[in-house]
Amino acid sequence: MEFTVGQIAQLLNGKVVGDNTALIRSAAKIEEGKPGCISFLANPKYESYLYETESSAVLVNHDFEPKKEVSTALIYVENAYSGFTRLLEEYQRFTQQIKRGVEQPAHLGEGSSVGEDGYRGAFSYVGKKCSIGERVKIYPHAYIGDNVTIGDDTVIHPGVRIYDNTVIGRHCVIFANTVIGSDGFGFAPQPDGTYKTIPQLGNVVIEDHVSIGSNTTIDCATMGSTIIRSGVKIDNLVQIAHNVEVGKNTVIAAQSGISGSTKIGEKCVIAGQVGIAGHLTLANGTKVGAQAGVGKNIKKEGLALSGSPAYELSAHLRAQALVRKFPEIEKRIQYLEKEKAGAGKTDRAD
Amino acid sequence: MEFTVGQIAQLLNGKVVGDNTALIRSAAKIEEGKPGCISFLANPKYESYLYETESSAVLVNHDFEPKKEVSTALIYVENAYSGFTRLLEEYQRFTQQIKRGVEQPAHLGEGSSVGEDGYRGAFSYVGKKCSIGERVKIYPHAYIGDNVTIGDDTVIHPGVRIYDNTVIGRHCVIFANTVIGSDGFGFAPQPDGTYKTIPQLGNVVIEDHVSIGSNTTIDCATMGSTIIRSGVKIDNLVQIAHNVEVGKNTVIAAQSGISGSTKIGEKCVIAGQVGIAGHLTLANGTKVGAQAGVGKNIKKEGLALSGSPAYELSAHLRAQALVRKFPEIEKRIQYLEKEKAGAGKTDRAD
Amino acid sequence: MEFTVGQIAQLLNGKVVGDNTALIRSAAKIEEGKPGCISFLANPKYESYLYETESSAVLVNHDFEPKKEVSTALIYVENAYSGFTRLLEEYQRFTQQIKRGVEQPAHLGEGSSVGEDGYRGAFSYVGKKCSIGERVKIYPHAYIGDNVTIGDDTVIHPGVRIYDNTVIGRHCVIFANTVIGSDGFGFAPQPDGTYKTIPQLGNVVIEDHVSIGSNTTIDCATMGSTIIRSGVKIDNLVQIAHNVEVGKNTVIAAQSGISGSTKIGEKCVIAGQVGIAGHLTLANGTKVGAQAGVGKNIKKEGLALSGSPAYELSAHLRAQALVRKFPEIEKRIQYLEKEKAGAGKTDRAD
């Protein structure tokens, strides 16, 4: 598929300086561009790449002024980054195979209803009494248990496992091999040293516009619901335990884990490999740095935390810096001790 | 499904104070109860919720004495928590769809035997020469290789992968997408900088009453067996490397990893995101705190460890507290140094 | 299957001292050997086991001289460890069931070509326009999207998910439930607090002789390719984010995570549960210790790093040791302070 620079400019409501008949076939980072590619320049830090790029066209902000001669076509738009993202979306829309219909064999249990214009891949499994919305895509090998509700326009990727009674909203995407609603980790210790399984009777509720990566696990509640609020974005290999609630528009990066019954506020940002203990509350806007371990409630909104155990980022950085200074500090103490001893001797010598 | 408060009291051998004709449809935490729910009160800390709950009935200990008027029905039982767990189990038994029979298409290899009253879901795969016990449930998309043994009453959830020669005991549960018996990570460095794969010829042996969460991985042994002893409970996203042995009734929380050939004792408690190095032995009853990194043998039974590298919890907490005091401590040293300098000057002034 | 000690010696070009008619049925570690087993002794540290082992034969280095009487047959070879590995490989070759042909039902999309002598298991799915090489094994429940290329002799284990446009080389192995090419975690924050998905249009390229464990995730690039160079070995539950490049013959242990656009050099060794931040470059031969968190570029080749945040191993060990000495150091400061105060008093007493 090919477009001219002029066609792209028209789509983005931009102005061309340079060859508007050049053909664009692909997108690339400005530093990796080849003839036939389009790139963008938003951050002035990367301006030098503009004068060397082999890309055939580059999107720039409307107020950009080149400092040297440019051999590529420039497309001036309101905002180069948004324009580029818009272009990627359009490209995706053109190139994406729209999956539709049912590939056989596919299993559909009794009493389940499936909306129109959707896709069910070969070897997909939908249990009994499910309600599947319109335009929902269920890829091959996806498993959907009994009594599950899935809203319109949601996409369930290959190998996703959705346990009984789960409720998923509209416009969600769940990537491959993620497991939603398996048992929470609940065992009651017995006098003989064994553990008894505590029945996990609740479910998982996922609201609208939620994205969940691959190989992630979200456990069902013991009673009630584990809740993922609307707009939440969860990365790969994340663990969400039973009865957790994740607030609206919160982002959780790969390999982080949230323990049972913890309530994460809205607009929080949890970096990678973070651990958060159970039965805690994190205020809205909390930011947790990579590999941190949060062990207490965070009541103030918007705090940045770091370290394991986690405390305020600035204090943590200060303490970390001092740990590295430790060898020097010990020498200073030794010096003081020696001085002291020396002074003592001198005194006696007096 | 509905029961009266009286019926529930009879089941639990309890005594009712209040309306024993009230209908119960569901269970809830005492602070989240609605009419038609039953809750429990075991911990005196939550007693205040009793006077506000909307639940229609609350289980309490036989010796409980309310301090205010109570509007819900009280059911006095020997132990409110055990009674409630019992109730959840009964509820689960009533409501759970008992899966039975074979959904087609399902693959069953030559020479494999399957016991009575079990379930094999659509798209499940059982290889050759397997021995599957009675009442075993194999959910859709589960894969069982060749020469695998599975004991009576074990449940294999959707998408579980069980490699050739694995042995699994009775009354085990393995949740979705967990992988049992794939190759251990063994490579021999070659003079040219490449690595040669060391054949992994052993298997995995899982004893009785073991529970394993979702998306967990347990590698086969290089030679011999990786062994999970009876009663072990393993959470989601856990990594168990080749030739590891996990002792009876040990509990391992989510995202922890145990490296090759390490031997974990009985009744240990490994919290979340813990790492344990290879070729170690941990004594019975060892407790390892979240995110800890264990790098040496633990010989004394019942120790609590914390930190990365991990050492005894109490020492670790002391050191952690001091790290935070570090800025203040450095000021004290500066003060001593200044004093010293000052003293020196004074001396000279003398 | 049984071999005599003499047959094994012949295979390995070794010399027997002892009974060369003894029958060997299995392999075992020297300390766990039983009659009918063969073991090896390479590390002098384990020599004492030689005099107690029940194994029927033990491989030893050509220059080994026993210090006591030995009851097992000894096979002298050039290098006992390599010889043993060779034996395991031969054993695997003999015992391994060679999977071949197609088990039905298996899905093969339009326009896809599959080489000769391969295997496609029941419920495996290959999308459209794929090019699958010769002798490729695709196990049950594996999912291969559209336009995927897989080189000769590669093995795709059960439940692996390979997204559209992925390119995989020759002689690779990908273990169960690993996901290759799902979307990178890219979201642009919007003024109203929500996030907009950034289209992830790139792919994953995996070169030759790469091994990838179970339940691992490798994201596709936003544009361009996430690249795994030839000879790389990746363990279980590892996260590789979008646009990462992993250099030749690098090894990454379980549960480690590499953030977006980071470039790992050749022959690096990344231990377990390591986190590496985004947009970094690690020089060839970098060694990162378990649970470390790398937050900056590593320019010097061959450095060993440790800690979170990670810095040079030796400095890190020194600081760690001092943190434990902290309580003692604080006492020394208190002592100096007391001395000072005492000195003050004495002065005044003068």
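For reference, chains read A, B and C in written order, and residue numbers begin at 1 within each chain.
By definition in this document, a residue touches a chain if its C-beta (ideal position, glycine included) is under 8 Å from a C-beta of that chain, and two chains touch if they have at least 3 such contacts.
This structure is a prediction, so every number in the text was calculated from the model and none was measured.
K.L.:
For the Cα fit of chain A against chain B, please give the angle of the superposing rotation, nearest 5 degrees.
P.N.:
Result for this pair is 120 degrees.
K.L.:
Answer with same or different: of all residue numbers used at the interface between chain B and chain C, are over half used by both copies?
P.N.:
different
K.L.:
Measuring from the mean C-alpha position of chain B to the mean C-alpha position of chain C, what distance in angstrom results?
P.N.:
That gives a centre separation of 25 Å.
K.L.:
What are the residue numbers in chain A that touch two or more other chains?
P.N.:
Within chain A, residues 105, 123, 141, 159, 177, 215, 237, 255, 273, 291, 308, 323, 333, 336 contact more than one other chain.
K.L.:
Inside the complex, what are the residues of chain B that reach chain C?
P.N.:
105, 107, 123, 125, 128, 141, 143, 146, 159, 161, 163, 177, 179, 182-183, 185, 187-188, 193-199, 201, 215-217, 219, 223-224, 237, 239, 241, 255, 257, 259, 273, 275, 277, 291, 293, 295, 308-309, 311, 315, 318-319, 322-323, 325, 329, 332-333, 336, 339
K.L.:
Can you check the complex and tell me which residues of chain C touch chain B?
P.N.:
For chain C paired with chain B, touching residues are 27-29, 32, 81-82, 85, 88-89, 91-92, 97, 103, 105, 121-123, 139-141, 157-159, 173, 175-177, 209, 211, 213-215, 231, 233, 235-237, 248-249, 251, 253-255, 266-267, 272-273, 290-291, 308, 320, 323-324, 326-327, 330, 333, 336-337, 340.
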